[in-house]
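In the two complexes below, subunit A is the common chain; its partner is subunit B in one and subunit C in the other.
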Partner chain A sequence: MNKLFDLLKRVDIPTLIIFVFLISLFILAAFTKVSIPSLLSDSLKRIGMNGVLVLAMVPTIRSGIGPNFGLPIGIIGGLIGALVSMQLGLVGYFGFWVSVLLAIVLCTAIGILYGWLLERVRGQEMMVGTYMGYSIVAFMSIMWLLLPFSNPDMVWAIGGRGLRYTLTLQDYFGYVLNNFLKFKVGRLEVPTGLLLFFVGACLVVYIFFKTRMGLAIDLTGQNERYAISSGVNTKRARLIAVVLSTIIGGVGIIVYAQSYGFLQLYQAPLFMTFPAVASILIGGASIRRASITNVVVGTIAFQTLLTIALPVLSQVTRGDITEVMRLIVSNGMILYALTRAPKEAN
Partner chain B sequence: MEKFKRILVSNAVPIAFLALSISAVLVARIPPLFLVSEIVRRLSRNTFLVLSLLIPIVAGMGLNFGIVLGAMAGQAAMFFVVDWKIKDIPGVIVAMILGSVIATLLGWLAGLVLNRAKGREMITSMILGFFANGVYQLIFLFFIGSIIPFKTRQFLLPEGVGLRNTVDLYGSIASALNKVWIVRIGTVRVFVVPILITVGLCFLIYFLFKTKLGQDIRAVGQDMHIAEVAGIKVNKIRIIAVIMSTVLAAIGQIIYLQDISTINTYNSHEQVGLFSIAALLVGGASTRRASIWNAIIGVLLFHTLFVVAPSAGNKLFGQPQVGEFFREFLAYAVIAFALAMHGWSAKKGKH
Partner chain C sequence: MEKALEMRNISKSFYGNQVLKNVSIDLMPGEVHGLVGENGAGKSTLMNILFGMPVIHSTGGFEGEIFVGGQKVEIDSPRKAMELGIGMVHQEFMLLPGFTITENIKLNREITKSNFVSKLLGKSLETLDFSKMRRDAKEALASIGMTVDEYLPVAGLPVGHKQFIEIAREIDKKNLKLLVLDEPTAVLSETEAEKLLDAIRFLSSKGISVLFISHRLIEVLKVSNRITILRDGAIVDQGPASSFTISEIAEKMVGRKIDMVGLPPRKTEPSDKDIIMSIRGLKVAMPGESVKDFSIDIRRGEILGIGGLAGHGKLGIANGIAGIFPASGEITLDGKPYRLNNPAYALNNGIVYLSEDRRGVGLLLNESIEMNIAATAIEAFDQFTKRFFLFKIYDTKSIRNHALEMIKELDIRCKSPTQPVRRLSGGNQQKVCLARAFTLKPRILFVSEPTRGIDVGAKKLVLDHLVKMNRDHSITIVMTSSELAELRTICDRIAIVAEGRLAAILPPNATDAEFGLAMAGELQEVKASE
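Entry: the complex of A and B
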């Protein structure tokens, strides 16, 4: 019992509210005609879909930079990887893994540039990251119109030029992870491959933070002066954290797209950042410390909340209140984290 | 020569934008008279909003992305004025008073939040804007017509709850300020009243910084600790700066919307922060230093490009969309650049 109280004391108030809300939604769902197993399978799918993107927040938070608000930068790298793979006409697992590989290569390059910039604007990383993300998305919107992609599935039917807003992945690598070892228990569907990929990615990051480099990043985030005096090259540590975060972002969007079945271009990458930041915060992270547990707990809580809120609340209220709820919950969570941090730092 | 070089370097952004605007005008072959009338109109409708950013910058709080809150307050007030069927000038005045009251409350709350996030005001005010947008949608999509009374059925969704996507102001307060006094110079129409109000605000801001309060704001902006030691109530001054900015943004949004004449219920306020801030920065302001002239020049340059970018994009690439994305890119990029410079110089200052 005391242990439980200790745990409750350590949990943030907003996180607590969200969990209470989540539980009450489940109770409400039991009284309505909504089928809980199908809700759970949807939740599982969305957890796997978004989890990797949330994971991208860990390296930058641990290195002391704060949540990676420049997530769209990594996403763009991932999108280019996927587009090239589609243009080459690669399908199935091969198409997926080629996309991932290309994304890793591209994001390493972009990440180094982005990390170099962030190093020069220490103290303003969150803001600069946000607007670098916005700028790149707008810039790439022009590029999507002008780049010489020619696959008829990808470009506008009329004119034959410029990429479409959403590209169907059905005939390429859509659902490859979701369908890997998929099984059903009654009406509950488990996308095994997707979840395995998420767990695998978490494991890789977890192991990375046990290596020498990972520990150096950790130390840099906790106490920069101490890190320098212990012989850590803090600039290099932060750079590697940014590159890693960018790569995870790039891979994350490919995982997201294959599960969604569509590749979304133009403005879409902008809407990925804040939910991802909010997820890890809901999981108990702050803008200065984060763990893999925070990622897993946060993604499960936030995505389950969004999945079950729509059918349950639509029976109580009119219209789609979940979109509004998503805005309030995610931004409220980030706001809470931003206003709380100074005390923690002292 | 040295001096000339220094002027060139310190005004790099406006000069670059001037060059870009001129070349875009030349490429697009825009009729000059059309361009002039567009620019004059945009000066009279957007400058007030841009000016609302000045006070928090002087107070050392950076770019106040939270002016979105003020815009929401102004818009909310307009919905009610339309519903109460108060027309023309009285309608605008009632909207401004009601908007200011709501904005004062919101500004006070925003100030409290920002005082808890010193050193991170910009990102916090931006997230605060997004958060407020959620609350705004909750109120105007779900509460209005159910909890909050609203009589004008034609602006409500078919179920009678929630506002429609557009609320048009024709027959109520559309162009209420514009049409009071229109001076025609050839085919160019100049709306005198909004311009007079904006000029009035310029003087108000100028004189504000001559008063004790203005000096206190400046002192807080230069160094919070020294100001605190000197006996200035730093937190209170910062809250006052945010309240003033929010109230001005509310009034600015009303001036803006009476010109546009339709309210996009769920979008009109969203871009206000982005475009006002981009315009101010284009005018040569930074996150720490901004003047009335930066605001005016910024509106002039930014909106010239805004007008001509789509047709320039069309001429160059055969796709008007390219121009549209390009101006969006410029708005974001100029902010990213200013923020990067801010971080850069802050770092240099430290070492």
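Entry: the complex of A and C
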């Protein structure tokens, strides 16, 4: 009993509220006609889908920059990687891995530029990141129309120029991870490959933060002056954190897209950031400290909430309130974390 | 004649630590009264009480009485002090850089004309009467011998001018009866200081009393009618300025009994022939502690103390050599040129620095004890690491073992090596810092203010451990401290820094007067005149 109490003391209040809410939804679900196993399969899928994007928040938070609000920058890199792979007509696992590799290369380049920019606006990284995200999405909205992609599956049917809003991945690398070693227990479907990829990504980041480089980022975030006096090049550490976050964002969107089955262009990248930031915060992270556990716990809580809320609440209330709830939870969570930040600094 | 100010039997303690004991001080109208004392002697606290600063009342008030013009008064806010005609010029400039000189002088006491809107909506919307304000400002500036254009913005003016503008602002207050000048000459050049002293004499001739706080003893002697010497929160002497000489003041300021503990002997005593680091013309741009031109030879195996008053640059030296603040100068380490401005280079060459800002620079407060001890060694020397497939990661096990060893060796009081250092007491935090430094196997260890903010028992432990590191592991130690007593306990030589330069190198058993004079930067001058 005491142990349970200790655990509760360490858990953040918002995390606790979300979990209590989640459990009550499950209880509610038991009274309705919704099938719980299919809800769970849906949740598993969404966890794997979004997890990597949430993971992208870890390096920047730990380097002291705060959550990477410029996530769309990495996402654009990932999208271009996937588009090139489609243009080349690559399919299946090969198509997927080529996209990932291209995304890593592209995101490294963009990440260095973004990191250089963030270094110049020290102390305002979160706001500048948000605006950078908006700017690059607007800029790319023009580019999607101009870039010389010619695959008929990708361009508008009429006119033959410019990329479509959403591109079907069905014939390319859609669902490759989801279907890898997929198995079913009754009506519960487990997307093994997807989850393995998420776990693998978490592990790589976890180990990275145990290397000298990772520790350098950590020290920079915790106490920059301590880091400097330990011989760390803090500018370089922050740059690496930004690049890493951008790369994870790029890979994250490819994982997301293959599971969703579609690549979403134009305005879509904008809507990935806030849920990702909110997820890690729900998992108990703050804008100064974050761990892999925060990522996993937060993603599970947030995504499960969204999957369950739709069918359960639509039976209780009328209409779809998931979208409303998604906005309330994600924006509310970010707001909460920001108000808490100054207190934490003391 | 009625006294302009009398503070009677003032006592004040902060959290059970008594900083003022029965201090009484009084000023006649037009008198210039010098107040001298070391850092921490209680001067600032006394002035904070006089000025009704909130810090006094938020820590439980004070005992004693204050009389202004013969009337007993309760000064509970700076505003009240101003109403009573007490003005203060602070050490830090309280000026708005973007405003003009006139606006700064007249700040919050602007002269206004009524206009149409203000007639309707109240006084706060009246128009400023700039021509009148300018005239007043000009007059105030002229009265202290300043001929600067009053419409210039304050930003970009030389520091000396800023100091005069602060004074002009106080003079411009028509009810001014008493002016407190806290270290007004610290930032001034000699000719400017001279001008300031003239300004003080002018004020005094107009019947305004001046309380003059300064570390420059010569100036205090020159301008004051009477002098009060504070030490450790009590008055050690008070009397007409003519009854003191500089040496006497210096001795009384510093004087305290030193208990020389028998230090363990060395195999070979350090000597001037075996120099580990030679510093020539070191300049360090550390805000508030800038080093202007510092030279010294550090002998191998010694404990060198660096002392001096706050703001004179003693802290800048170690910061500069460790690469924390931008520095220039010619430094050699073991005869080879040493690169400045590169913390990693410093660490790799065995130069380890423990910052005076323990909680701000020296520690990762939220991290565990073991990580605090090991992190720098991992970063700088790749210690405590192992291979893990493609990665080289830190090895939790060897970190733990090392931490346990250090905890035992230094007697760090903690629950476990995973306890966050935030929860430790100041003394134990300092021990963690020492453990971290020791882990880096320093050749020269720079420690700044190692005993600041820790209790007496722990102080001794920390000093003992420094001596042990020096004797057992022959680590050369350069210790910077504002506590002279502590330097005199363990150091072989003590370098005193004044105004960013080396003022003197003294043996620990030099007289109090010598230390006091060296700190004031006046040892040579006095020796020359005697």
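Quick notes on this one:
In this text, the second predicted complex is superposed on the first by the 346 of 346 C-alpha atoms of A that agree within 3 Å, B and C clash if a C-alpha of one lies under 4 Å from a C-alpha of the other, contacts with A are read in each partner's own complex, and residues count from 1 in each chain.
Here, contacts are C-beta pairs under 8 Å (C-beta built on N, C-alpha and C of every residue); 3 or more make two chains touch, one makes a residue touch a chain.
Since the model is a prediction, treat every value here as computed from it, not as a measurement.
In the overlay built on the shared chain, the residue A:10 is in contact with neither subunit B nor subunit C. Of the two partner chains, neither subunit B nor subunit C is touched by A:33.
In the superposition on chain A, A:324 makes contact with subunit B only, not with subunit C.
Within the superposed three-chain model, A:225 lies in touch with subunit C and out of touch with subunit B [touch as defined at top].
The partner of subunit A that touches more of its residues, comparing subunit B with subunit C, is B. Legend: residue contacts after superposition of the two complexes on their common chain; A:210 is shown touching subunit C, with no touch to subunit B. Against subunit B, the residues of subunit A that register as touching in their complex are 69, 117, 120-128, 130-132, 134-135, 138-139, 141-142, 145-146, 162, 274, 317-319, 321, 323-325, 327-328, 331-332, 334-335, 338-342.
Against subunit A, in their complex, subunit C makes its touches with residues 322, 324, 343-348, 353, 355, 357, 360-367, 375-376, 378-380, 382, 385, 388, 391-394.
Here subunit B touches subunit A in the complex through residues 113, 116-120, 122-124, 126-128, 130-131, 133-135, 137-138, 141-142, 159, 161-162, 317, 319, 321-322, 325-326, 328-329, 331-333, 335-336, 339-340, 342-344, 346-347, going by the rule given at the top. Listed in rising order, the residues of subunit A touching subunit C in the complex are 207-208, 210-212, 215-216, 219, 222-223, 225-233, 289.
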